[in-house]
Each structure stands twice: as structure tokens, then as C-alpha cells.
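Shared between the two complexes below is subunit A, which pairs with subunit B and subunit C, respectively.
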Partner chain A sequence: MSEEEKERREVGAGLMEYSPENLVPFGPVHPSLKEPEYFKLILEGEKIVEVHPRIGYVHRGIERAAQDRTWVKNIYLFERICGICSFAHSLAYTEGTESLTEFQIPVRAKYLRVLIAELERIHSHLLWLGLVGYWTGFDTLFMWIWKDREHVLDLLEAITGNRVHKSFSTLGGVRKDLTPALVSKLEEETKFITERVKYYETLVHSEETLVSRTRGVGRLTKEIAERLCPVGPLLRCSGIDRDVRKEDPYAAYEFIQPEVKTSNAGDIESLLSIRLAEVTDSCRMISEALDRLPEGPVRVPFPRIIPRGDAFFHVEAPRGELFYFIRSNGTPKPERVKIRTPTLANLLTAAEMLKGRPLADVPVVLTGIDPCFGCMDRVTVIDVDKSKKWSVSGEELRVYGIEYYRRGAGKR
Partner chain B sequence: MQLLQLLVFPGLTFFVWIAFAFEWLERKTAARMQGRVGPMIAGPFGLLQPVADFLKLASKEQIIPKHSEKFVLTWGPPLYFAAPAIGIIFIPVIGNESIIGHPLDLLFVLFVLAFSTLMASLLGYSAAGRYSTIAVGRLVVQYTSYEIPLILSVISPAILAGNLSLGGIVSAQSNYWFILSAPIGFAVFIIASLAELEKPPFDIPSAKTEIVGGWMTDFSGNALAYVKLTKNLSYVFLSALAVTLFLGGPNGPVLFHQIILQYVMNTIYFMVKLFSVGFLIFVVKTALARIRIDQAAELFWTILTPLSLAQLGLVILLR
Partner chain C sequence: MSKKRIGKALGEMFKTAMEEPVTVKYPFGAVIVAERFRGKLDVDPIRCTGCGVCEIVCPAGVITMVPVGKRSIGQREIEVKKPVFDLYTCISCGQCVEDCRFGALALTNKFELAVFDKGSLIMKKALKVVQ
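Our next item is the complex of A and B:
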């Protein structure tokens, strides 16, 4: 028996112990998942023993598509990776590309980027918070928060022209400037959001049924966090103080410092309070940015051809560290763009947090990482039979596909 | 005449229409509390929306899963519907007597409540889906938890009236309502009703974000329409039971000496009380999150059962 076969047997044996009755599918289509993803849950009664995530249901080949588009067109493509943190993607891409050249971006544009990024963080966190209400069967909280979130979306529409795919950041600056009317509206709305968040902060810690579903649920210890490397609020709720905005400031974050909140509890309740605190902090940062907003242009002309070179760039998306690798070969199109979204980093941690919990906790914990499966799905091939995992590029996949059908294997 | 009463007023047809009205009130209350508008298209203020939903669902195709128990799945929903439909006939609406009274009908009504849960678990098991199997497990655990406080809280009015018939309990309340001497019993009854009706915070057996549709996951079309109607009818049934046991049923100020006019007044009193109890349940339900099954069992066994026992002791002392 070869070494590989032995390994396969062992992996298979682990799965075979469970009879099909113990297996509860969670997804790919499930009321608490907004995007298709499959989680194989092995249960003993109500208790979860094993969680096997299987990703790849919404793979869209975006990294490959980027190689066929010009540098400017790619902004709009990368925005479409995620509907919620679309600005984080375009920000990481534009700032990464700009770092390959020697052009100086106007300071006002940098401030405006921070402004939109923080507004997006508010709307993303409020969205997640409402969904926590939905997952715990607290529909009233869900409806209330989403009504408040609408104010932020209206603001985003007023500033950028769009609610979801904002297309605000562009190579060489931002597309639009703030008007004085918008400034006063922004100040008004951030005050409103701060007020509401204050109310929700008391609510999530005092409403008994909600507290009983979140306190001590899905405990993430520092040890597990250090082993599995989650990012964003999930990492901060385990007591590790990391935030890209603070450690490696981009845009105007060196002038407008965020306050990084951590907690040692590591449960869903601490995630709630961390995200709420971040919303309050974002409101503060927005008003600070408005106060210090320098005068000047918001955009400079930018070349269509980017010099040869590699750029690594990471930003703090609402869900955590979003990582971009950009390689230019001196042509109007990028040679390769590799993206690592926060959900991919957080997924295994969520699976670990679920072990030993009752089935009732699955929606809260699994979605407690604020997953975005559409962002996450990379070209990753997982072959269960061979228990191997490897990544292939689009070209390799194309060749493999042609080979596969030429062999006649596809004709079954 | 009695057959007409049974089928039309104050029997089945009457209560089925109230069930639709309850669903409308539930949706409208929840919507208003959550900052929405709720149903507003079908009929005035959307009053006919539940009827429209029922008719649409009932006219759809019923899909019977391959591995399910077809006999139970076909004949179960009518039997499930029969449980609250029969139980509700024993509720006195127009006077102190129900249409078919019996000296021991309180016991029968309690049996009907148990039978309804039994039918639900049978239906869930016969569908043989994974979600419904888990849901039935939760349903049974929940049932064993809330059943004892529910029955203990029902005993208090029976002891106060010295009677085991609903009609007798109602006529014993002509001077004062039993909620005054058994307030804890009323509270426990309402909480246990929430559990019986699978509403938040006890919608554990039908938690959609965890186990999709609960034990109803594999139902569709006509069967699902009747299951949903049955749930609404159970809503009315339990609210009516609360009115009968604790709020004096159709009792109220006697305004007319003509017996027919007084019947009308009694019906109005009964309806006002019924919708008030229903409204109370809707508000509680909308304002709470779902708890876990272990927390529900703990709540019933460690808090509500001792509370209802204390209420029982208090009632025995009072008597």
C-alpha cells in the first residue's frame, strides 16, 4: 500500500464512522445562508462533532478575468467580488496599483477614501448585526437595524452615486467631490447613527433571550486564534490587538487613527460589542475626517500603463484583512492579481468554534464571522477521494478541462 | 339546529374565520412593531391576505417525498386539523354553556392539546427528512417541558370553580375573573401557550435559520395549507381557552333582558377578550429572540413548574 493510499484510507475511515443519519447538510441552499456554501455537519443528537466546509459554489473566475481587462476596467470588476465591502476591494486594488507608480495622490482624495471606507464599515457592521437578530429568531431587531442602515446607504448614494457598487475610488484619486450640503448631511447622519448604536449597545447586553443565545457561545481562545489565524473582528474578540489601519496605515489613516477594541471573551456577545464599538468609532473618524478635510483637487491624471513590478497591499475591510497581490509586466493589463479575502481566513476558525456546540448555535456562530462566500471562492480543487488540495490557475484548468473531455471521461 | 351551531356559529366556520383574522392581526402587529406596514393589498387593510395565501397554497401541487410514509402524510393533516377544530367546540361563546357541554370536558380539551402535539410529531417523522427528524426531537423535548406547567396552571381555575367543565368554570366567574386569584397561573398558561404554538421565544421546533421549516419542511401544497391553518386555529383555541379559564369567558355586564340581544353582547365580550389575549401573545412573540432547546427545558422545569405549583398551593389555600 502506497503512502498516499494509506493516507486516503485514514481520511476515509474518519468519515465512514458516521452513519448518514448523523449527517445534517447545512447548505448549499439554506435559509440562514445568503450565498451558497455547503457545510457537512456530523451530529450526535443535537451536539456537533465534526464540521466539513466545502467551498466553491460561487466561483466566478474573477482573478482570471482580471488578466483580460485593462487596469481601469479592473476596478469595476474587483468591486463586484463583494456587494457589501465593494469599496474595500476597489480601495485595495487602486492603492496597490498606485504604489507601483511614483504618482502622488491628492491628500483630499485620501481623506475621501477614508470617509467612504468608514461609511462602508458602518453599513456592513449594521447589516451583520441585523442578521444576528434574524439568526437568533429576533426579527424585530433585524427590521430595526436594517431600517437604520438605510440611512447610511442613502448617504453613500448621495456621495458616490450608487448604493452598492460605489465605483468611487479610481486610479489617481476619487471620482467625485463632497459638496457643503453633503458635509452637513454627513454630520447629521453620523450623529443619528451614534445615537442608535448607543441604544443597541444597551439592548444586546440586556435583552435576556438574545444574551442567552450569544454569551459564551462559540468561544474562541487566544490559542486557537493563534493557530488558525483569523482576521478582523474575530481575531480582536480573542484578545489579539491587530488592525491593518493602525499597523500599516493606508489612505489617510496615518492622520485619522482608529481606536482598536479588543475583548478576551471570544464569544458572539463580544463580537457584537466589538462591532458596535467599531461603528461608533467609524462615526467619530468620519466627523474627524470632515473637520480636517484639506482643500485641493480630488484626482490627478494617471497613466494607462503601469511600470513593471510586484505590489502587495492589504486593507482592513469590515470583515478583516483583505489582501491583494498585483503583478504588472509593463502592459495595459495586469499579469496576475491574487486576492485573499477575510472570509477564507476566518472559515476554519468558525468550523473550530462550532465543535461541541448544539445545532441551534450553527447559524449564529457560522455567520458570526460575517462570511461572504462570494468573495471567498478561489480556484481551489478539493478532491475528497485523494484527500489532496491544490490550486490551479485558469490556464491550467482550461488545459485540464480539454484533457478531461478528450479522454472521454466527461461522457459518462 | 345543533349541527348548524357546530358547523357555522359558534362552531367551526366562525372559528376558522377568526383564525384568519388572528393571522392578519399577528402579521400586522409584528409589522408595525418592526417599522413595516404589513399586508395591505388584499381586501381592506389587507384583511383578506391570509385567506388569499391559504387558497393559493391549497391550490398548489403537493409533493410527497419518496421515502416518506405516504399514508400518514396524506391522512395526517386532516386529523391534525381535527384536533383544535374539535377542541374549540367546547369553548362557551354565546353563554355559559358550549354547544356540546360535558361535566368533564376540561379533561378532553387537555387531551386534544396533547393529541395535537402527537399528530405534529407523527407528521414530522412520517416525512422522514433530516430536518424534520431533528425538529420532532426538539418538539418532544419541548412538549415534555411545557406540558406539566400548562396542566398545573389549568388546574387552578378548575379548583377555584370546583368544576371540571368549561361551562361550569365560566359560570363560576360571573362575579369575578379567576385571573385575579390566579395571576401566576395565567402568566404560566400564556408562556406555555407560546411553547405549544411554537412561537418565539419557543419556536425551536420550527426555527427556520437552523432546521429550515422544522417538522413542516417536507410538506407542500394542500397539506401545508391545512397545517398552517391548523396552527392558526390552535392559536385561537389556546387564546379562547385562556379567556375561558381566566378571563370569565363571555361574561360581562348584563345590558339587555332579551336573551338574543344578550347573546350578541356576550359574543362581543368574548371576541374582545379573545383578541386582547391574542394581541398579548403577538406582542410578546415579536419582542423576543429564540432560545435554545436546553434553555427552554431549563426554564420550564426550574422556573415555571415551581411557579405553577406555588399558584396551585395558593389557590387551595384561598378556597
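Our next item is the complex of A and C:
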């Protein structure tokens, strides 16, 4: 191989290595906290022209493992797909499995499921907002928000017994009931969070550090959204009014309706306001659920064998629509469970949003989709003009992005 | 406009500067966990009958039933088994506690389970008492 050909191959590697056949490998568990995900960015100077995400580095074979475990054991397995939205996974699985049987779940259990799901949404959105602060160089915001998020995590620990893997929803209801002390604590904390979010809402739209890095960054138009089908807040920021909680109510969402916020701006700033509005709305839904909480049992005995049948179930996880397909063959173990996580649906939209933006915007836009984050660990940069290729870590890119905007380059 | 902007973050800054730190100086200060906190598993050897339900329901494969002796019921002789807990794989989900109808299992609020010797987390408490 001549030198010239070798060089050409190296330059073209970014485009040639990933043919459409192996571009989307199967990976239900890939997006989780600090887990590897690989993006190949192709640049022209500072501008990004192509983005090639590659997923599947942390394929843990959970769907196959589920086939060897009983229905109850699988609750704990699916909870461990994601550390942040663990309850959304167990909720989708348990409700999906319950829909295969004729058992009636107590209404109180349904309300409690909504309660925990909304608490989880609050903590997930606050976590994301803190991370946006971190990636834009506004570390103070990161610390303030995570301090407030701790209140929600303490609540989750007090109600369910654990901060992360709640193990709250089970087949036939929920595992723990609320006590009067917990109810008053919940009311107190939701008021506190609502007030804090009000402050953050004014802060994120007026603070120069955030505004310069988020306003107009990564514009997502309605056309792109319709073509690439993102889910959750990303879809709502493009002006499409979609929410699983409203369109196909599960648990007690038919009694407690969410207010779906949309925006036509389609940039990261609109994502900030949508997510903050959702936190306020979740606080309202929690207090509404507490007001209407019916009396009665929280759990009914449930069989260990599920009748033959297929179930499709989707829930609105904090990141968007989470989809479960469950097939039972009438044995104590499921025959097949297929999961589609929201980040898988959002990933290509993020790649589209990056096109035409400077390299410094990569951390903010990729964080914008709330991708459970590991994505930033390795990014290969190919500069078409200079024909060279180098790798940067997430931390290097963060510092680069902050420096880029400090120089005032972003205002050009 | 810009003065107002600075004021927004400044007010919060002074407020947080006056407050007590929210972090705990762990391990020098104690971490208080919730009442329902699911921590290290504990077994009551006297209540445990060795029925083996916990072994069946455990999603993490923590529990193994080991034979400890023989017992005769009438003319039949049956093997008596007791559970051994490999707590290093325990995920503290509490499924065994829920399914134990003799109330022999409980989750304590201990969470400091980091050890140098993995063997020290194998709990053989239930083996000592054989009825």
C-alpha cells in the first residue's frame, strides 16, 4: 500500500468504517450514566459536517438474561437498565405484565406509582439541568441544583427504601404504603422544589453564561423531528405536542392529567424551559395525587405464572417514551422482552442537531438530549481540511467549549 | 439589565455562603439513613425453618441451602437444610424478606459493606441452630 493510499484510507475511515449495516446495532441498555458511547464527528474547520454515533459498547445482554429469570426476579433486573429512570423501567414492565392478566390493581397503588414516577422525573430533570450547568462552565449552578435534588432523593429513600433502585413497583401493586409523616414531608418538599424551580427559571434565561451557550444552539425544526421521531422533551421542544401520559394514560394518569408544554424554538434553551416547566408540573401532580389519594390496599396477591399472550406497553420516562414488548408463553418465565429506551430514539436527532454547529457545542447539544451521558467519553475528530484525526476526551472537550466561548468566538 | 442579572446570582451566593454545608463529613460524621432503608440482610437463626423459599425467589443468587443434618418424621428421614448467604452479591431488594413467612429475614440499615476479604461477607449464622 502506497503512502498516499494509506493517508487517504485514514482520512476516509470516518465515513467508510460505518456502513449502514452496522450503524445501529441492537442495544437496549446502552444509554446509562458514564457509559461508553462513540461519536465520530467530521469537521470542516470548526464546523461539524457529519456525525456518526456508534452504540452498543455496554450491551449487557439483559433481554436474554430476562428469559432465564422468573417474572418477579425480572423486576429487579430491568430496574438495573438505568440508574436514573429505574422506576420507569420497573413501571413499564410491571404494568405491561399486569395487562396480560385479568387482575385488578388497587387504585391506591396506581396513585402511588404516579407519585414515585413524578418524583423520579423531578430528580432526573434537575440532574440534567445541573449537568448543563457543568458542561457550559457554570459550575455554581451545577452545585446549587444538585443540592436541591438531594431533597428529592431523600424523599425517595424515605418512601421506597433506596435512592436509586427503588424496587417499589411490583406485580400486583406497590411494596410500601405512605405514612402520614411521609405525606406531610412530601407536601413540604414539593413546595420547596416549586419555589426553587421558579428561581432557576428566571436564572437560566437571564444568566449570560447559560444564555450564550444555549440560545439558538442545536436548532431542531419540526421537519427534522417529524423525520427522525425523537421522543420526550426533545420532541416537545420542536413544537409537537406529544406525551404518553396524556395520549395513552397508564397507572393513575387518567385521573391526574399532565400539562404538556411545547416550544417552537427547538434549541437547548427551550429544552431548559420545557424541563423546568415539567418539574413544576410534576410538583403540582404530586400534590394533586396526595389530595385525591384513595384509601385501600396497595397490593393484591399475584400469580407466579402469567397467561400466554403478548403485551405492548409504553410509559413516559423522564427522557421520553420508553417502550416494552413482553411475550409470555404461560410459564413462570417470559419468552421474550424487548425494550426500546428513549435515548436510542433521540440519538440520531442529536446527531442532526449538531450539524453546522462549532465543535465547542458538542457537549451541550449531546447533553441536551439527556443521553444518560457516557457518550462524551471518547470522541474522534476528523478535520477534512487538515486531513488529520485526533481523539479528545469528554473533559478536554468541556474545557475547549468553555474556552471557545470565553474568547468570544461563539458570537461571530 | 446586566446589573440585575448579576444581582440574581449574587443574592443566592450570599444565601448559600451563610448556610451550613449540606455535605456530611463522612466517614468522620455519621450518615443518617431513612427508616425504610434497605441495607445489609440479616437472618434470625431461631425463626428460620430452612424451607428454602428465599433461595427460590432471590434474584441475585445470594442464598444457597446447605444440608446440616437429618431429621426423622415418623418413619421417614428427611434432610434438614439451612441457608448460607453470600452477601457480596446481595442487591438488597428485599424480595426474600417479603416472601419469608416465618419473619426470619430482615434488612438492616447497615450499608458499609466494603471489605478486603470477600469471605467475610458470607453469612453462616443460620447453620448454627439445628432443630
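Everything that follows uses one rule, which is that the second predicted complex is superposed on the first by the 340 of 412 C-alpha atoms of A that agree within 3 Å, B and C clash if a C-alpha of one lies under 4 Å from a C-alpha of the other, contacts with A are read in each partner's own complex, and residues count from 1 in each chain.
By definition in this document, a contact is a pair of C-beta atoms (placed from the backbone, for glycine too) under 8 Å apart; a residue touches a chain by one contact, two chains touch by 3 or more.
Note that the coordinates shown come from a computational prediction; the quantities given were computed from them, not determined experimentally.
Asker: Quick check for you: in the superposed arrangement, does A:P363 touch first (subunit B), second (subunit C), both or neither?
Answerer: The first partner, subunit B, only.
Asker: For A:E46, select first, second, both or neither according to whether it touches subunit B, subunit C, the two together, or no partner.
Answerer: Only subunit B is touched by A:E46; subunit C is not.
Asker: Using the superposition on chain A described above, determine whether A:L77 touches subunit B (first), subunit C (second), both, or neither.
Answerer: A:L77 contacts subunit C only, not subunit B.
Asker: After the superposition on A, what does A:R69 contact: first (subunit B), second (subunit C), both or neither?
Answerer: The answer is second: A:R69 touches subunit C but not subunit B.
Asker: Between subunit B (first) and subunit C (second), which does A:T140 come into contact with in this model arrangement: first, second, both, or neither?
Answerer: A:T140 sits against subunit B and subunit C alike.
Asker: In the superposed arrangement, does A:S212 touch subunit B (first), subunit C (second), both or neither?
Answerer: first
Asker: Considering only touches as defined above, state whether A:N162 meets subunit B (first), subunit C (second), both or neither.
Answerer: Second partner only, subunit C.
Asker: State which residues of subunit A lie in both footprints, the one left by subunit B and the one left by subunit C.
Answerer: Common interface on subunit A, subunit B vs subunit C: 140, 144, 147, 207.
Asker: Using the touch definition from the top, list the residues of subunit A that touch subunit C in their complex.
Answerer: Counting only subunit A, the residues touching subunit C are 69-70, 72-77, 140, 144, 147, 150, 154, 157-162, 165, 167, 175-176, 199, 202-203, 206-208.
Asker: Where on subunit C is subunit A touching in the complex?
Answerer: Where subunit C meets subunit A, its residues are 2, 4-5, 8-9, 12-13, 16, 22, 33-38, 57, 59-60, 91-95, 98, 107.
Asker: For the complex, which residues does subunit A have touching subunit B?
Answerer: The touching residues are 21, 23-25, 30-32, 43, 45-46, 133-144, 147, 207, 209-210, 212-213, 358-363.
Asker: In the complex formed with subunit A, which residues of subunit B make contact?
Answerer: 30, 33-36, 130-131, 133-134, 137-138, 200-201, 203-204, 207-212, 286-295
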